Every structure is written in structure tokens, then in C-alpha cells.
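Pasting the structures here.
In what comes next, chain A is part of two complexes: it sits with chain B in the first one and with chain C in the second one.
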Partner chain A sequence: MARLLKLNVFRYNPQDPKSVPHLQTYVLDETDNMTMFIALNRVREEQDPGLQFDFCCRAGICGSCAMVINGRPSLACHTKTKDLPDEITLLPLPVFKLIGDLSVDTGVWFRAMYDKVESWIHTRKEFDPKALEERMDNAVAEQIYELERCIECGCCVAACGTARLRDDFMGAAALNRVARFVVDPRDTRTDKEYFEIIGNDTGIFGCMGLLACEDVCPKDLPLQNQLGYLRRKMGITALKSLFSRK
Partner chain B sequence: MSSILAMHVAQPSRRDAYLDWLQMLSGAALVLFMWSHMILVSSVIIGPGAMNAIAGFFERTYMAQIGGPLVFAAFLFHFVLAARKVPFRAEKQGVAWAHAKMMHHRDTWLWIVQVVTAMVILIMGAIHMWVVLTSLPISAEKSAARIQGGWWLLFYLVLLPMVELHVSIGFYRIGVKWGVIKADARSGAKKAENILFGVFMVIGLVTLVRFMFLAI
Partner chain C sequence: MQTHYSDLLVIGAGLSGERIAVEAAQAGFGVTVLSIVPARRSHSSAAQGGMQAALGNCAMGKDDCPDVHFLDTVKGSDWGADQEVARMFVDTAPIEMRRLAYWGVPWNRVVPGKSFYFKGGEKFEKVEPEDRAGLITARSFGGTAKWRTCYTSDGTGHAVMCTMDNRCAQLGIDVRDRCEAIALIHDGQTCFGAIVRSLRSGELSAYLARATAVCTGGFGRIYKATTNAVICDGAGHIIALDTGAVPVGNPEAIQFHPTGIVPTDILVTEGCRGDGGTLLDVNQDRFMQIYEPEKAELASRDVVSRRMTEHMRKGLGVKSAYGDHLWLDIRHLGDKHISTKLREVDEICKYFLGIDARTQLIPVRPTQHYTMSGIRTDKDGAAYGLTGLFSAGEAACWDMHGFNRLGGNSLAETVVAGGIIGAKIAEFLGGHEVKFDTTLVRQAGAQAEERIKAIVSGTNGHEDVYKVRGALQEALMDGCFVFRNGPDLEKCIDTLHEVYERSGRVGLRSNGLGANPELAVALKIRGMVKLGLCIAYGALARTESRGSHTREDYPERNDRDWLTRTLAYWPDGAEKPVLKYEPSSPVYELPPGDRGYGGGKIIPADPASLTLIKKEVKG
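Moving on, here comes the complex of A and B:
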């Protein structure tokens, strides 16, 4: 006997002055291997074509379908309904700008973050198109790849207590992004230059260590270890400059 | 001059890094102090003679007279540093509370516990230090008289769990924030945090009971 799922879905259209934020309830029969992504699509097809939510790849790659599922930011496509109780509450991710219902704009936030952390390889080396590609140590390449796996879903930012309390906090996604360039030997930025980006309370020293980012990341990125590493590295950079002249 | 310029154009500064170091170092020092303090006071379990001998040693070496006020200063200093992260506006407090309730996440709650216990400790810890430091020398009989007075027992029954929660959670959080506790050691560290809390609560409660029944 299939379960009947009760979905309480946040509804609000900020574009419509008459719209009032409220929870709307949909009842749906559960099917085998059902994910929240499948459930929401069925609600939209069978019950309410006006329901707004984002999705694209349905395989945990694009990061579009992040939302708050029973209190936890996670990907709808990664969340199996069989792991949830009969009653499920769906809210849009906090911190990000609400587009409507469960859909938020993570793009503007991530774009601004990339500008802030200067998310590109900084080098003065001139590119020679004829030269063979420079070799990289395999262990280093793997380390970079491990941090590059971020799909920019925004779950870590929505789950972050500091990000909720202050709008200018960079969040784990940005700090992880910086950590990725720190390990990349092609980026010539010094610790002091990284310090200018993240060595303050909007960056690594604003992190209060609640570790919700680590616990909700759908890609299991090593955020706890990266944040600890950056705090030590930036802390030591500050101490070093205390003992050196400028 | 530079501070006047920085009012209009943000200058790169090492201020936040130094403040974070000082918050961590003052916190770690106070954690170690609180554990030593509890163990030394609990010497009364062995007998009032043991506690008086230890108190006498700190008195003769002037560690109580000078160290006491220094600990008080460190305590206030740590509060001012850590309060930078505490939301004092009602609006932000509401956000923090709603966030913790939404997340059902242990470490997010631990932070709320630390903030609440901090406020209680600020007031009750200050009262405790004032009372003890203005009536030196410390002796088992004086402490017992206070506990047997009635209200002070209630006072310490509140202060003890507040301090032990704040200290054991703080110890764990310093570890994860500075990367001393890595991800794979986190669940073990949480267990250690619980055990430390339990052990010091038991020591504290047994000490209080001993004071209650100490012949003055």
C-alpha cells in the first residue's frame, strides 16, 4: 500500500502585490524510488501548473533544485521520499533572492562572489599556444578536483548561521573556492594577497564554525577541513606580518 | 590619520585576524583554568585540610591575590571579544532563533547554547568572583558556610551546568574552527565533549554535596 505524502509548499510571488506568503498543501501518492524532484514535477503536472521551482539535470549535477526540505537545505533530486516522514515541508533557500515559490536566484550571488574572490588563475606567465601543456603532480590535481566539484547549489550558504546573520559573509562556497586556488600551483597569488580577500570577518574569521555547511553539502565537499585550514593559514599570515616590516 | 581615511575607503586590515586569535586564546586559557579550578576545589572531597592546604599555597604565593583579578580581567576580555559574533538586536536574534529551529542541526544549537550560557555566566560568574575575591583567603569552611546558607546552593546549581556546558562546547568548537579536529575525528570529539561535560558535572555536584555536609 503506497503512502500518501502531504507536501506543505511555500507559495509566494514577490512580483504580485496581492500575493501573500503561505504554505499550500498537496497530497500525493508515493511511488517506488520517488525523489522530491519527481514528486514536485507530478504536483506541477497533475495538480498545480503554476507551482514554481527550479530543476535541470535531475542527477545532482546542476544544483538548481536546492530547497529547504523539512528544515534542511538539500537537493530535491538527491532526496528520496522514502527517507522522509509522511508530512514534508518545502521552503525556498533563505539568503538568496526569492523569484517565486521554491525558486531562488543563486546566480547573482555566485557571480558577485566570484568577482569578490577573483575566481580565476592569477599568473603573469604568457600563454604559449604551441607549448605542451604543463604537467601537474597527480596528487595536487586530485586535490584541486576535489574542491572543484562544487555545483553552486547554495545549500551551504542557506544553512550557514553567519550568512543568515550578516549579508556580507562570503560563506563556505566562496571560502572553498579560495582554497581551490591556494592549492593550485599555477596561481601565483601569495598568502598575503589571499589574506586581503578573506582575512576578515566577511571571510574566514567571520565563520563561527557551526559546520552546517559541511553537514548539508550534497556533494560531500570537505568544507570543515578547508575552513579549518584557511583559518590557520590566514591566522598565521597575520602573525607573520606582525613580525615583519610591511 | 589612517583611521580617518579608513572611514571613507576600507583599508585592508589585520584587525579581525588578531581579534579571532585573541578570542580563541583567551577562551582556551579560560577552559584550562576552569578545569583546573574545578579539580582544585574538589580537593574538599578528600577533606577540608586538602583544600585549605591548596588555598594556602595560592595565598602565600600571591597567586590568589594577583591571579584572581587577572582571571576576572581575562573573563571580561573574552566576553567582549566573543560578543562581536553575538546578535544583540532583536531582529537578528529572531533570525538566529528561526534558523536554529529550522535546521534541526546539533552544532547550530550548540552555538545558541553557548550564547545563552555566556550571558548567564557573565552575570553569575562576576558575582561569584566578586564574592570570593573580596573575602580572601579562601577556605573550605567559608565556602561550606556559603553553600549551607541556602540561596548560594541554588546559585551554584545554576552556575555549575552553565559553566560546564560553555566550557565543553567551547573546547569542541575551538577544535573544529581552527581545524585541530578534522572531519573524521568530529564524532569522536563530540563524544569527548559529552564525557568532559558529564565528568565535570559529577565532580562539581559531589563537591557541592560535600560542602553541604561539611562541619563548619
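Moving on, here comes the complex of A and C:
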């Protein structure tokens, strides 16, 4: 027999002067292959048309629908209700600014990050439309893509101990972004230049090594390895610059 | 009401929108890009397969060139494409792929030596040439003569989207998310920008610009079963159609994808079949080779969708709680291939179906996938009817896809068209001055405010917007899906008129404050039904079968009478669209002929009626 699911959903609309933060309970009958995408849309269409949440691709590709599901930051579209108990509590991601209910402002946070880490290829070369493309080893291309797979859902930031303590911590997503350019031979930035960006407490040295970022990453990005790799690289860069000053 | 000004306003921050923005910004113009979601979440990022460009680097793409790509594209379009546009596209695509490589896209590259591939479930060997090592490689995709689809693993759209958005950040382009354009500001001749609702606060602003580009993607969400993201609801088409001056081209040209998973309709890429995946029926027998001996599973997607539906109608589909479906089998491709080249597919099966594609079959059925239809523009991307309005990408009917788009051509179109049209817009901005009439701007703002007030307070009625939307989606599934015929289309039109009438009586049940989601749908619902009516009227009028438009009662492709493009206008206050027609192509580099797949009879055109251009075409 189908289960009755009890959804406790965080409600607060900052644009409504009468609204106060609270949990609201909805009861819903579970259907086959139900994901939180199906469940939340049914709640909105059948019970509470003003309920705010974000979905876009509903296929785990775009990163819109991250929220805290029974205590864990996850993509709602990825989450099958059959893997959850009868009672499910949904909260918006912490760290990011609340827009309303389960919807948070990841867009502004990530755009600021692009500027901070200068999230683009730094090169002095000009593009020549008549020339063949520069060659690249396929293994290198795949290595770059592996890190490019980040969908900026914000789960790693929401689960990060340091990010919860200090607003200026860059978080795993930003550090992973830097790692993506470090492995890219087209980017001419030196270790010293990367050190300028992340060689401090708001960057790689702020990480406490709790590694919840990797635990919650819905794309299974190798964040633990990347953070270790950058920390060592930046540590060496710091030592080198110490000695070169002498 | 806040007013913003820029030289160029781009509505939609997917690949075509951002590519236009980059081109205009590089030319020194001030650009504002608006998006309802953070740019990288745009539906461009969901395109897994790749981009077609005739680089001819890989072994199976040897001797490929733009001419062969042109033939594939025009044949694929079933001669519905504008051949001037298709030619421009194929010639520019290789350069654009290299440009993207320069900007940072990690394209997969040629690995020299022996490797294996599957076709129709059989294993073949190929040898990649030494001298091409490290150049951009390509994979096979449905409907092409050569392997031509450039890709980055299983996330091409995502990777290119990241690079394009990085490029925007580098150029300091003002990209604003959670902003939805709800009306264009225009005087019937010229477009001056848009009235925009903030999806953070609900506030309205005016965004004024000398040029406006609508790049909002497709409108698949007017169908119940669609692979499209939830944001692909036609918002851009609606504001263009609402002007009364701008037509939607070929509204009846809607593509269905053969492999949406059941029940969520999430797309699994054509790459599955390209790499050797097969389709099986209820008896777990292959069947595509019965209908299409030559191409089998690799026939173009409208053909595969149709054959699947035909096979299921014979009772050979698999019964399920969500209706009939078929199986996609990729088990024989092996663990390594599935976990690297088809990783996204692997994840979709695991996360959304709870199955392992290495050992289990994937339930699939045809579902709405792509709108060849869109805001009709000329070859420069300028919309018909309003000066200063442009459109590109899936939102536009440029029109290189005609009645059927090839896999990998749409994602390539976003950047190729974006580059070409962005340059044309820059040229336009160099010589186009406007005077902004503040009365006009205030009127547009006041009108939007009144509309919102009426919907929130229920002045017009209390119809539930989600129920109205549901009725629209059901009607289109019944009347305007893979197969169409006169009686069903007429019934569909009757239903849609009822739905249209209801859409005028929508009133909110929630309070409408802030970024209220019910209000966002309510503001669009009438336009969504208009789009549905455009499809149905266009499909009823077109008494032939061409590409994805299949009339059971008119199975022939009729070049004599229908080598035309439908232009659907919705004049102010009209109850239904006004249909006009223009020739499919101003010139014919490739005269209408047989596609070589799909079967069906052709009623030939009078050769004297076509402007042929002579060109040596290889292949």
C-alpha cells in the first residue's frame, strides 16, 4: 500500500510583511518512482500555489534545486522519496541569501566567485580564425572536464564548516574552479599568481579539512584530492617565495 | 519604476544569448543580459551530445567538409530549411568550435591508434590517424553521413556554457539572473526594450535598449511529456507574439525525441544509439532494422520517433503504469564506455530510475524535444515586424532546421548563430539611433501593473492556473503529437479555444507577493495557449507530411504546394492566429529530393518555381 508522506517545509517570504519563518506540514500520497521534484510540484499545484522552490532541468544537470533534505544538502530532483522515511523535513540551503521558502540566491554568490578567482583562461595569444586549433592531449582534456563538471548547486558551500563560520571563505566550489584552470595548459597563470588568489585564510588555508564538501557533492567531484593538491602546491609556493626573498 | 539603459538588451543567458552578448561587448557596446535562472543553469547546459561542425579530424569523419554537412542539414530539414542560412551555418561552425577551444572548452581530442566502436549492436574497429593527434575529435550522431559531432564527454552543453559564461565574466558583461521579461516595449514599428519582473522581489523595471535580442530557448513545456527544462515555457515567444507585429515561424514544426525515460521524460542522449545502443520491443527483439534497413537506430530522430510509435501501435510496446514504452539497450557497450563516454546516461538511470544500464534495459518513449518553430527572423537574426528586435538559438526560426533538426545541430546553432547575429547586431548598433518616448515606457509599465493587479485580485475570475496549463498540455498531447490528422486537430483546436477562454479568467489562490511562482505562470498562461493554437492551426492547414510534421491523412511530402514556411501572427484582440506563408528558401543550392530515409512519397515541385543556384556540391 502506498505510504503517506509528511513533508515539513520551511516557509518564509521576506517580501510579505505578515510572513514569519515557520515549518508547514503537507501530507502527500507517495507514487511509484517519485522524486522530490514530483512531490514538491504536486504540493504547489494541489495544496499551496505560492510555495517557492527552484527547479530547472529536473535531471541533476543544472544545480538549481539544492536544499537541505532531512539534514543533508542535496539536489531535490535527485532524491527519490522511496529512499527517505515517512517524515521529510526540507530547509533552504544555509550560507546563501534567502529569496523565499526553499529558494536561495546562489546566482549572485557564484558570479562574485567568478570575479574573485578570475574564472577564465588567461592567455596572451590571439584567436586566429584561419588556423587549426592548438593540439591537446585527450587525457588532459578529460582531466579538465572532470573538474568542469561542477554544477554550482551550492551543496558543498552549505555543508562547509568554515563557510558557516566566516562569510569570506571561498568554499570548495571556488577552489575546485581554480584547480580546473591549474590543470589547463591554455591558462598561463603561474603558481604565484594563483597564490595571490587562494593562498590565505579565505582560500585554501581556511579549509579545516572536514571534507563534508566531497560527501555532499551530487556530481561526486574529487574535492578532497583537489583541496589536498592545491594546499600542497600553495604551501610549496609560499616556501619558495620565502627562500627567494633571502 | 526603475529604468535601466544599455545599447543591447539580451533576454536569456543560455548559449545563444551569451554568445551574442560577447560579440557585442567585444565590439565595444554596453550589454545587459537577463535570465530567469543563473546563466549556467540555462537549458543549453542540459544538451549532452555535442555540436556538429565539419572539422574532419577523426577517422570516421575523414573527408568531411561543410558541403557534406550542408547536405545532411538540408536533407534532415526535409527541405524546410532556409538554404542561405544553412550554408552560413555549416561554413562557420568549424571556426566557432576552434574559437570555443581557444576560450577554454575542453573538447575531446583525437587519440591516435586502434579503437573500437559499435554500430547496430555490432563491434567494429577504426584506426585514428597519427597526424591528427590532439585535434578536436567527433562522435557519431543520428542522421549524418560522417562522424561530425564535437563533444566533451557527456556534458558538451554544460562545458560550453561554463566557458561562455566565463567569457562574459571576463568581459565584465552585466548578467542578471532571476529577471523575467513580461512585455516588450514597442510602438508597432520599433522595439525599445522590455518590462521586466524581478524573480527576487516581484518588482517591475523597464530595461531600455537600442537593440533587444530574445534568446529564451524553446517552448516544450506547453506539452505534458517533454524533455525540456521547466523554464522552457515560451516566455520569449509570448512577448514577441503579443506585439501583434512579430510572427512565429513554422509553429507546427515540433520535434519529438525517441528516448525520453519513463516516467520523468528526462532525455537520454542520442549518443547512446550513435555509440551502438539498440531499441527493443516487448519481446526484447530489435525492430528498427525492419523499418529502416539502412540506418536502423541511427535514422533521424523524427523517423525513429515515428517508427517507435508505429511499433507500439502494433501492440509490441511494453505496458506500464505510465502507458506503453520500449527499451533502450546499452548493456553491450560495457562498463568502461558507460562510465566514461555515457556517464550522464549512467547517472540518469541510477538517480531517476534506480536501474543499472550495464545489466538492465532503459524504459524509453518518444517525447516532445525541440521547437524548430520560433520567432521568425531574417538571416541576420532580425525579427520580422519590429526594428531593433532580434532573436537567436532555439527561440528563433532562423531557419536552418526546417521541419526536422539533426542531433548536434541545435547546440552548434546556439553559438554559431550567436556569433553571426551578435556581429550583425553590433553592425546595427553602429548606425541605429532611437528616441525613447517616456510616455510609451510608462504606459507599458502601467499595463503590466494592471495585468498583475487583475490576476492577483481575481478581477477576471478564479480559474486555477495549474489546471488551465494541464488542460493545454493534455490537448496538445492528444492532437499535436507525433502523428496528426484532420479530425483530431479540429478537436484539439476546439479544446484549445475553451482553454484560451479559461486562461483569460485566471485568478491567484496565493497572495502574489514577492517572487510568487503562481503569478509567474499566470502571466504567461494566455500566451502559452496562444502558442498551442498556433501549432494546431498551422498543423491543420499544412496538408502534407514533412519532417517531424506527420499527417496520417496526407502522408506525402507535397513540394508542389507546401515548400513554404508558415508565419503565424496574433493581431491585437484577435481570437485566433492569422497564418501567412513564404517560400521555404529564397534559393535552392540543393533542389528538393529524397532524403534517403523515412520513406514516403513526394509530390514534386514545379522546377520553374525554384530559384536554383549552381554550386559544385561534393558527397
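Methods note: the second predicted complex is superposed on the first by the 245 of 246 C-alpha atoms of A that agree within 3 Å, B and C clash if a C-alpha of one lies under 4 Å from a C-alpha of the other, contacts with A are read in each partner's own complex, and residues count from 1 in each chain.
The definition used in the following text is that a residue touches a chain if its C-beta (ideal position, glycine included) is under 8 Å from a C-beta of that chain, and two chains touch if they have at least 3 such contacts.
Note that the structure is a prediction, hence the values are computed from the model and not measured.
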item: Three-chain arrangement built on chain A, chain B and chain C clash or fit; value: fit
item: First (chain B), second (chain C), both or neither touched by A:110; value: second
item: Comparison of chain B and chain C by chain A residues contacted; value: C
item: Chain B versus chain C as contact partner of A:164, first or second or both or neither; value: first
item: First (chain B), second (chain C), both or neither touched by A:243; value: neither
item: Chain B versus chain C as contact partner of A:59, first or second or both or neither; value: second
item: Chain B versus chain C as contact partner of A:144, first or second or both or neither; value: second
item: Which of chain B and chain C A:235 touches, first, second, both or neither; value: first
item: Chain B and chain C, minimum CA distance [Å, superposed model]; value: 17
item: Those residues of chain A which chain B touches in one complex and chain C touches in the other; value: none
item: Interface residues, chain A side, partner chain B - complex; value: 68, 70-72, 91, 94, 159, 161-162, 164-165, 195-196, 199-201, 205-212, 214-215, 222, 224-225, 227-229, 231-232, 234-235, 237-239, 241-242
item: Residues of chain B that touch chain A when the two form their complex; value: 12-21, 84-85, 87, 92, 95-96, 99-105, 107-108, 110-111, 173, 176-183, 186
item: Residue ranges of chain A in contact with chain C within the complex; value: 13-16, 32-33, 35, 37-38, 44-45, 48-52, 54-64, 78, 80, 82, 99-100, 103, 105-108, 110-111, 114-115, 118-121, 125, 127, 129, 131-138, 141-142, 144-145, 148-149, 151-152, 184, 186-187
item: Chain A-facing residues of chain C, complex; value: 37-43, 45-46, 95, 97-99, 101-104, 106-111, 133-137, 152-153, 155, 158-159, 162, 165-167, 169-170, 175, 177-178, 199-202, 229-231, 263-264, 266-267, 321, 340, 344, 347-348, 351-354, 464-466, 508-518
